[in-house]
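Note that the chains take the letters A, B, C, D, E and F in the order they are written out, and that residue 1 is the start of every chain.
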């Protein structure tokens, strides 16, 4: 199994979720993060003083899938999350050694 | 202690208590009862009523700001605050520069007065008072009329929230408060043709609330719905407000302010009859609002199987708008009925507007336009000096005028400079996109939340 | 400019300044000093006092909503708003339908009046005024009495927050505002047996505040504590409120409203003596509240080594409730003492209640019940027309009546429909579980926070 | 219905409408016009004006709390609430214990009065009224003066927020409200040397607002800026406030309260001339504030290319402070000008202070000190009884006195106990570090956000 | 060392923490996440219009432990987080190559 | 490639970001977390009752870097995040199998 960790633009979340559902992905976990990257925050002015917003809001999606799903998932994310503008984000893949479904105790592929 | 007049006979005999109360007033000679209120005293009462009730209506500006600020998303809240404090300020300036005189100066059965900056011309210069009992300080009247304009303007900002650009919005407010509102106001309150035609609108269900509603409706049609509100399939996608206690606070503020709105519209406090009228208005205003809330709660429970706080808040306001056209003549029972029907109307027209894909962020059109019409139509039910024909004439003529003129202005603004932010700006939120200033930088998606 | 009367002699000589001030009143003939206040003028003053002070008390409904909304967790905030706007509305309707007359209509030394819908019967129809100087518009009195009922009801919603179901709560409020409150009110303010027995409660430490407190206590006992509040080991697990600025705002609103609550309870403004009384009441009310805050701050610093804002807020309210039974007769020093002791009582009884495992979410029982009793007991310290025996009689009889009847009603509701949400619903929060509507959907755990 | 006096002639002929209105006052005999206001009636009006306008000013304490609570970071909000409710309470107690008498008791052209606890000595004991038309209930005056002290104190808490320790702050407030404010107040409003020198400050641009500003400035200099506000390179690092709707609410509250602040400072309502004055003051106050907002919006748009809500809020307050020294004599146009210049000053001095590395969290020094000076200087523009020399004398003498004495007290406090929290405590936030109580435990970084 | 990443129901956090403390686990890191899975959000009605809440609040716990602890930790989480209702969550295990304690510079097992 | 996951004290975030920028790290992702560890929360008193705050606010930084950067990154984090007081946090290193830049489809080292 692999953990696919994608950092995307927040307003793309719904599209990505739908694209993954189309692949019959049954579960995923999302969190709010702040990203620092090539895309720079705007310079803002507050009460006459300028400042740079360094961190931009992003959403992190974590999905654990069977090995044979990895490529399709990456592709689906790429297609649904892309705006072709800087800051679209990344997909990282990590190896997962074990999965357990808490409710049933099922493991690995059965647990996803 | 005994707290009401109905107990006064008893009080007289309850010597122990009476002594503790020490009411020297009771010692006054019965002969004095004939003494009338001095005209100057009436003048002071009338003026003070305008001021006290006026500051209550001024406070409604804060109520609208909080209500609307609570019902928009967090990413548009700074903008909503900006628009609301700006529109209250613009109203005050425009009504001084041109509006008041356009509305009241020499209308004489016609269509508008002679515009120009207002200044007080009080009858008294110095020495003994020579006015009469119906007099009042000119500036107190100006103040009271001015805060009403701001109310109409606040309605517009609620409907169009979360997508309209700041500057075209403010330009529209300049037109609304300087020209549109005063002209239609002149027809009735300024003593124009509509007043002569027998129309009756005590505190402004039509002249204030539906005016705001029509202007908002015209804008909403031209502006379009918020991105994502209506799905391709015709499905409605609710967009919950970010801060419901703030919206609740706003509603309570408006409710409080409404005692000023309706009570002050008696326009006098210089006689016992005025005091009784104002007291009756307070009671009816409160009963109508309470009925609006309770009915909205019952109806949402019946239809949807659960209570919807935002509908209850709208219900309070619906009840208040409904009673505003005639808060004096209804019996308590009729006030409850009029307000309660307002509550029903709100609960039913909120989803109806969504069916028509008219996106009204805070429910201002159901509350102020629909209930404004209903309240105005209900006047002849309790006020025998009025008739349905004249009421309809007023509703239609003012509605047509305000809607058409507003539509034209919005249209010109749309052509000239655009009235809507780009889809990207809407996604980011107006606060960051237009103002570069977040309302809650440390909460939710705020940029300071991890620092 | 010189700002006080103590400087008037000087002012007369300071010609430059006097000229700038242009006070034509000074020109009045000394002979006019004998001219009394016209009865109709008194009538207007009395009515206006009811209205102005009444709208201040109405505003307290918002204060309770904000205070309680700030002290509950975010997941129960929409519910708290819903309950508070509903209870204010229900109070207004019930007090009209049955309550007012039950409290005031022909009590005559007895136990209650003749219930039925209220309507105004003002003495003046038209023509010259024929009332006397102690008169007032009937509806202004109704309005003022009505807002008091809502205060009592608001107290209950605070104590029982975060676990009581919406509908049984509202049914209880119907009973409280329509029946329980008016009956005990009839005993004293309606001129019933308790008034004849010499009990004294100027503005309602017992009749309003402890009534709310007793009803809340009965409910809290039957309802049980919030899950997780008290550990198996008897340990108290604090549950911090979600929004302390909101709670602070609520407290300031209540403080402001209290000038209406106590000041308006003079029930008249028609003479200089009344004006002096009301002014004294304002001063004493403010001193007592200020003392409550300062004492709560000092005591929490002394006991816990740090200041607790929520205790300071409760301290303000404790001071206010304490002075409510007698805000007129105390000297400033006594007002400070009475309020300060209220502050101590609050700080000490909040943890005491926790020892008894009575879970009072906002500290309403310490504030309204404990300080209500204290304030009522303190009346004879400054008011020579009262005695401890009668005061205790009033406290005990009203306490027993309200507690027992409330307990029975809560019990019947518990048996009939259940008064408490399930543990799962409590965990999810009432907002999602009962209303399906989050107060802060974008903040904290709100469902919109990542969208 | 016709709503203004300019239409009265028409109204008389519009019989249908007139009948519906039933104004018995119109029936009064013209002969009665000569009847003057009874002195006791004036007494009631004067007292009631103090009370109503006083409660509006009291409400400003809530406004400051919300404004400041919205402009600090979430980690310092509980502390800001604690300081603000404490300082309002302390003001009320200190002004009773010593302040009022120090300010008003026997100043007689001198530098201060005879301190000591205040108690009312009203002229009427019982029987017929024997005061004159300029009288009022002593306690109503006390109440009105007291709430002004709290305003001055609130200003200090805003500037020094987010880094000052609680206890030294409270000790300073004791000195400010008990001694510093009353002494300089005695010079002018108490009828001291400055009043005799012809200084004029109607409602306190200098006596209240700049006093708060000077005390805040002295503190800010000794306290230093918040960690991280000014970079080593001289760069300013903005620290955005956590809750802008709260700050907006606070501003609306202050605006509302200001009608009491300026209107009540007429100190009388017992004649038509007073009523006209107060009405004029309301109008001018509103125009100046509105101009402050609109100008701040235009100027920030011009300079920075975008509107800054926090500047608009400060602009409203800048306009209000500017008109406070003379809200009566300006024409509407002059009121707009005076307020508008206040708006400009605020927008320009906020960054200027940052250049000087004086860290004023909420912009209190630009608003209250800078605009306070401007407003005081502007008095002779419209009030012919005043001159620039006297105005400058007042500004400088009060400024020097308050700044120096405040500086000394802050300095002694700094030496004796330290006035600033440690850098670590500042990083954690005062709420957790000093109070152990979070304002928003479930939002942002609150400890309950994952539970 | 392994990284154990558990997604659980939020109100179970305290129980899980206690169960882990009983195993003498010295440290863990928690974050708020939203989960999408078999458990569906309720259908809500807002102002007369229905909508589906797609993401449910969950809590993510991350614990790095020595290899020999893995099974016991999984078991403890399972036992303490289970309600036997849908949505109880998952446990995933990933390999960790290195750990460092910032304060001391200790590494690997010593750093935990 | 490796995923470097660091748990640090929140107020150290800016210093760490600057230290990483100095290494020419182009991107990183940050999230708010709560930590449970040797550093204990204060005992607080609320309305007269004591309670223990178990979880302390921390910030989690995730950075994917090429293998040869790992040591330098760890060192930079250690140096910039250290206060020498308990609770300074941890650095964990995990293996990453694949990286994709959503915008361009570039992979692995090119995607960082």
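Going forward, a contact is a pair of C-beta atoms (placed from the backbone, for glycine too) under 8 Å apart; a residue touches a chain by one contact, two chains touch by 3 or more.
Only a predicted model underlies this, so the values are computations on that prediction, with no experimental measurement involved.
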* Asked: If you check the contacts of chain B and chain D, which chains show up for both?
  -> A, C, E, F
* Structure fact -> From the listed C-F, A-D or A-B, the one duplicating C-E with over half its contact pairs the same is A-B
* Asked: So what's the Cα centroid distance for chain A and chain E, whole Å?
  -> 18
* Whole-Å separation of chain centres (CA-atom averages), chain C against chain D -> 28
* Asked: When the centre of a chain is set as the mean of its C-alpha atoms, what distance in Å lies between chain B and chain E?
  -> 52
* **Where chain B touches two or more other chains at once, by residue number** => 22, 24, 36-38, 41, 52, 126, 240, 243, 249, 270-271, 273-274, 306, 308, 310, 436-437, 440, 443-445, 449-450
* Structure fact -> Residues in chain F with touches to at least two other chains are numbered 10, 14, 30-32, 34, 44-46, 55, 94-95
* Which of line, ring, star, complete and other names the graph you get from chains that touch? -> complete
* Can you list the residues on chain A that touch chain F in the complex? -> 2, 6-8, 31-38, 54-55, 58, 60, 70, 74, 77-78, 81-95
* Of all residues in chain D, which touch chain F in the complex? -> 427, 432, 436-437, 445, 447, 449-450
* To do: Report the residues of chain C in contact with chain D in the complex, numbered from low to high.
  => 1-8, 10-11, 14, 16-17, 19-20, 22-26, 28, 30, 32-38, 41, 45, 49, 52, 56, 73-74, 126-128, 240-245, 248-249, 251-253, 255-256, 259, 263, 269-276, 278-280, 282-283, 286-287, 289-291, 293-294, 297, 306-310, 312-313, 316, 331-333, 336, 440, 443-445
* **Complex contact set, residues of chain B against chain D** => 22, 24, 27, 36-44, 47-48, 50-52, 54-55, 58-59, 61-62, 65-66, 69-70, 77-78, 81-82, 84-86, 88-93, 96, 104-109, 117-120, 122, 124, 126, 128-143, 145-146, 166, 188-191, 195-196, 198, 200-202, 243, 246, 249, 265, 267-268, 270-271, 273-274, 383, 385-386, 434-444, 446, 448-449
* Structure fact -> In their shared complex, chain B is touched by residues of chain E numbered 44-51
